Amino acid sequence: MRRALVQLGYFVRTALRGLRSSPVTSAVSVVTIGVSLVLVGAFALLLWNMEGLLDRFGDSLYVTAYLEEGRPVEDRRALVEIVATVEGVERVRVVSKREALERFQAGVGRGSALLEGLDENPLPASLEITLLPERRSAEGLRVVVESLEGLPGISDLASGQDWVEGYLRAVALVRAVGLGLSVILALATLLIVTNTIRLAVLARRDEIEILTLVGASRTFVAIPFVMEGLVQGAAGGVAAVLLLLGLFRLVLPGFEFGMEFLLGGVTPRFFSVGEIAALVGGGAGLGLFGSAAALTGGWKA
Amino acid sequence: MYHVSKAYAAGSFALRDISLELRRGEFVFLTGPSGAGKTSLLKLLFSAEEPTEGQIVVLGRNIVRLGPAAIPRLRRRIGVVFQDFKLLPRRTVEENVALSLEVVGTPPRVTRAKVFAMLKQLGLQHRRYHHPLSLSGGEQQRVAIARALVNEPEILLADEPTGNLDPDLTLEIMGLIASAATRGTTVVVATHELDLVSRYGKRIVRLDAGCVLDDTPAPGDGA
Amino acid sequence: MRRALVQLGYFVRTALRGLRSSPVTSAVSVVTIGVSLVLVGAFALLLWNMEGLLDRFGDSLYVTAYLEEGRPVEDRRALVEIVATVEGVERVRVVSKREALERFQAGVGRGSALLEGLDENPLPASLEITLLPERRSAEGLRVVVESLEGLPGISDLASGQDWVEGYLRAVALVRAVGLGLSVILALATLLIVTNTIRLAVLARRDEIEILTLVGASRTFVAIPFVMEGLVQGAAGGVAAVLLLLGLFRLVLPGFEFGMEFLLGGVTPRFFSVGEIAALVGGGAGLGLFGSAAALTGGWKA
Amino acid sequence: MYHVSKAYAAGSFALRDISLELRRGEFVFLTGPSGAGKTSLLKLLFSAEEPTEGQIVVLGRNIVRLGPAAIPRLRRRIGVVFQDFKLLPRRTVEENVALSLEVVGTPPRVTRAKVFAMLKQLGLQHRRYHHPLSLSGGEQQRVAIARALVNEPEILLADEPTGNLDPDLTLEIMGLIASAATRGTTVVVATHELDLVSRYGKRIVRLDAGCVLDDTPAPGDGA
């Protein structure tokens, strides 16, 4: 016990001394880890905010139920209530005949007097039925449409099947590309960081050799190095979070104009506390893993 | 202390079919011209190199068969003064000497006291916080000697321990090494300085081109 | 002259020897440069293909000119020809009354019998006027609309101003985010590469010190190092191109389904020969710059 | 050859107010106990360190005022044997020796011939393609000497050039150095080996604690 404490003291002291006595090497490791995490973090932020964007698009994914003409208002209310309880439905909105006409005119073009000649509004009222996010798939859509099909008061259903499939494919594509790039980025980062630490260890191989000649066991040599890696990694993680925060604050206002259009009212979000902890922890893990790998791999070379 | 040893390095023989036996507490000089194989022999004893052939028994263990975990344990019982010192450039003199105590887990307070005493004996206490690169050659050599001796090893291997020292210091340090031998440490000193060798009247092993030329026992010794 | 040749020979020999005698360090530099370029390259490919995508969306950015009813067919042909010569117009397509009705019905929903009760098709024929890519801005749109406004035979113009502005903002956002990420990525890459080479130089600082003690000038010491950097960088560049090509080939088929929806008929493109040369050259430049920077910065430390 | 030199290193004096003058072609031994300042003095001559105070004139140039471009040029005219050899571990013996010819732009063919001749003189031709780390201490020292001599320098500074060599080799190498002196090279040898110093009958400068203790001219010399 006492000996373990003595050893721990030695390890901590040696690790700190190592950090102090090779500032360039340490700085390089910290910067490399930091930069790598900034890349990963920036990319993660982008992806997450794009997910938000996709969800937003998903909100305009709805089933339109055209209502039969000439039904009493009470019937329609009852219908809305029934529809709202159908499994998979998130929200129901009533679009009146009048509103339908306005939309149509807005869609065709401003001054269009297209339907003006008609004595009666030919467009029917309808229900806009939004699906729950988890139901936004071709399958979920089919289920909802089937549940609605028999209901009295509904003359016709339009689910924009094409648009839905296109949307779903686009989401899948963005997710896949994002995932692919994330994997490449993560692997690249891991490779770069372990390589950098391997070089840092290489620069100090004399030290390692001498320690083993004096009778130090592998563990005795390795622990301070690994601790150094841990500290450097954590420092890199903290630096990355600060830099990302700075970038986020700096860059955001410039994009707000375009952002508003794409994200609508959604404010782009930064990392949560847990995610920040994960980033710093990831840095520490990288440093730890990197130096451990460098020591086992590069012990001799 | 060790039995048979036979070794060659990288194609050409550095040592050919050497057999030696050292007794516990013995003091042996290893001499021979440059390239004779003195350093190679010490490296074998220290298991810094493996013999190409033959067996070596050190402190009761056949080091040829030693696993990688056992080698550090053995090394902690042996003090070595390397021909090229092998000091850590980024640690102070004090920290360098403390190393051989730290690897056996000596508490910091004890370490500091022992290191200070040792440095004082070698006239280096004022260089305590210097780094090896800012020391003269002789001072570096003394740091290496301090590191080898501070842990009171059972075996002391010294490769040209006085090559960079002036005659006065040489005498002093040989005295220190000899006194370690009287405390029961087996000492092997590799050197060319024939004066030195002849002055002490100890066992002398002469090497040349990897062979034992002759093995003169200490004058007062019956063997 | 003779002496210069002798020196050049020495430099080349020394650089090659350096590469051979420190294989780990060289490999680390090559891998780091390669990985960095893979990141940059993958990102560039993504961006360029997204630009293609944006252009594609841009194709559906057109001005609709509703035609007056009851004009003879000759008049309409003449109008089309005039419109086609308006500055900024790329293409003109005639949408007949019949086609307009079909589109409308398709847009409202499948079985919709909405306009069936009407005895006459109320929708007018129109011209779809596509703008030249370089004119696809709010300003370009305004110019075209103004040029068309007076023309006889056109009853009304609809340019979908909202949609245009939204689209343009989205393009600006994607470009800005892409540019921002590119800049971050480029800086990060530069930083990582110079750092790695700095460490590699640090691992050989004894060599540098001894050379200067033997009377070598700075240039004499530096040139072989810089040449090594150049070779390492070029090797990294080649490796990056091969890896990217492999990834491109590997990943593409899996995405084709989603891709088709987004890109339509556009096949995602790989780098041209010139771009490949630029990538390899960029690697060589990185290596060169990195080692030069490491030598001047890290000469002493 | 140089005039006044006064220097201290990092707070504490390594050399105090030294004044020396060497003539072209002179052979001088520099002796003194460990830490006396011998290496420091040689470093000053070689502009590896700058003096804290004073001026040093070498080969007609005041090296204190020398720009960074002129220092390499000066160094190419001086051969140095470092106490710790300073060989490049990743180049062969041949390449290490060739270095001092390559920095002056000697064509490869000439270089190879000169290097081979020099290695042969030092009994190292069979180690030509070895790397320094696989050489014995004495062999490394001889490589360092070969590198210093191969370029026929105008000044030769040798720091303990025979510390790792056996008596026979020491004689041989001192002969080589002495013959360089007879060809007009100014030679400064720092050493503790007093036998060596007394045997040659040359000028002896004794240093202690950074001061010149005495300066004995060569016996046959009127100065």
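A, B, C and D label the chains in the order they appear, each numbered from 1.
One rule holds in what follows: contacts are C-beta pairs under 8 Å (C-beta built on N, C-alpha and C of every residue); 3 or more make two chains touch, one makes a residue touch a chain.
These numbers come from a predicted model, not from an experiment.
Report the chain whose CA-based centre is farthest from the CA-based centre of chain B.
Following the centroid criterion, the farthest chain would be C.
Counting only Cα atoms for the centres, state how far chain C is from chain D in Å.
Roughly 62 Å, centre to centre.
From the C-alpha centre of chain A to that of chain D, how far is it in Å?
Distance between chain centres, rounded to whole Å: 66 Å.
In angstrom, rounded to a whole number, how far apart do the mean CA points of chain A and chain C lie?
Each chain reduced to its C-alpha mean, chain A and chain C end up 23 Å apart.
With chains as vertices joined when they touch, what's the shape: line, ring, star, complete or other?
Topology of touching chains reads as a ring, each chain with two neighbours.
Can you work out from the touch definition every pair of chains that touches here?
Pairwise, the chains that meet the contact rule are A-B, A-C, B-D, C-D.
Which chain B residues qualify as touching chain D in the complex?
9-10, 32-36, 38-40, 83-84, 134-139, 141-142, 159-160, 163-169, 192, 194
Across the complex, what residues on chain D touch chain C?
Residues 46, 48, 68-69, 72-78, 80, 82, 86-91, 95, 99-100, 102-108, 147 of chain D touch chain C in their complex.
What does chain C use to touch chain A in their complex?
23-25, 28, 31-32, 35-36, 38-39, 42-43, 46, 64, 66, 108-115, 117-118, 122-124, 156-158, 160, 165-166, 169-170, 172-173, 176-177, 180-181, 184-185, 188, 191-192, 195-196, 198-200, 202-203, 247, 251, 254-255, 257-259, 261-262, 298, 301
Taking the complex as given, what residues does chain C use to touch chain D?
Chain C residues touching chain D: 2-3, 6-7, 9-10, 17, 21-22, 206-207, 209-218, 220.
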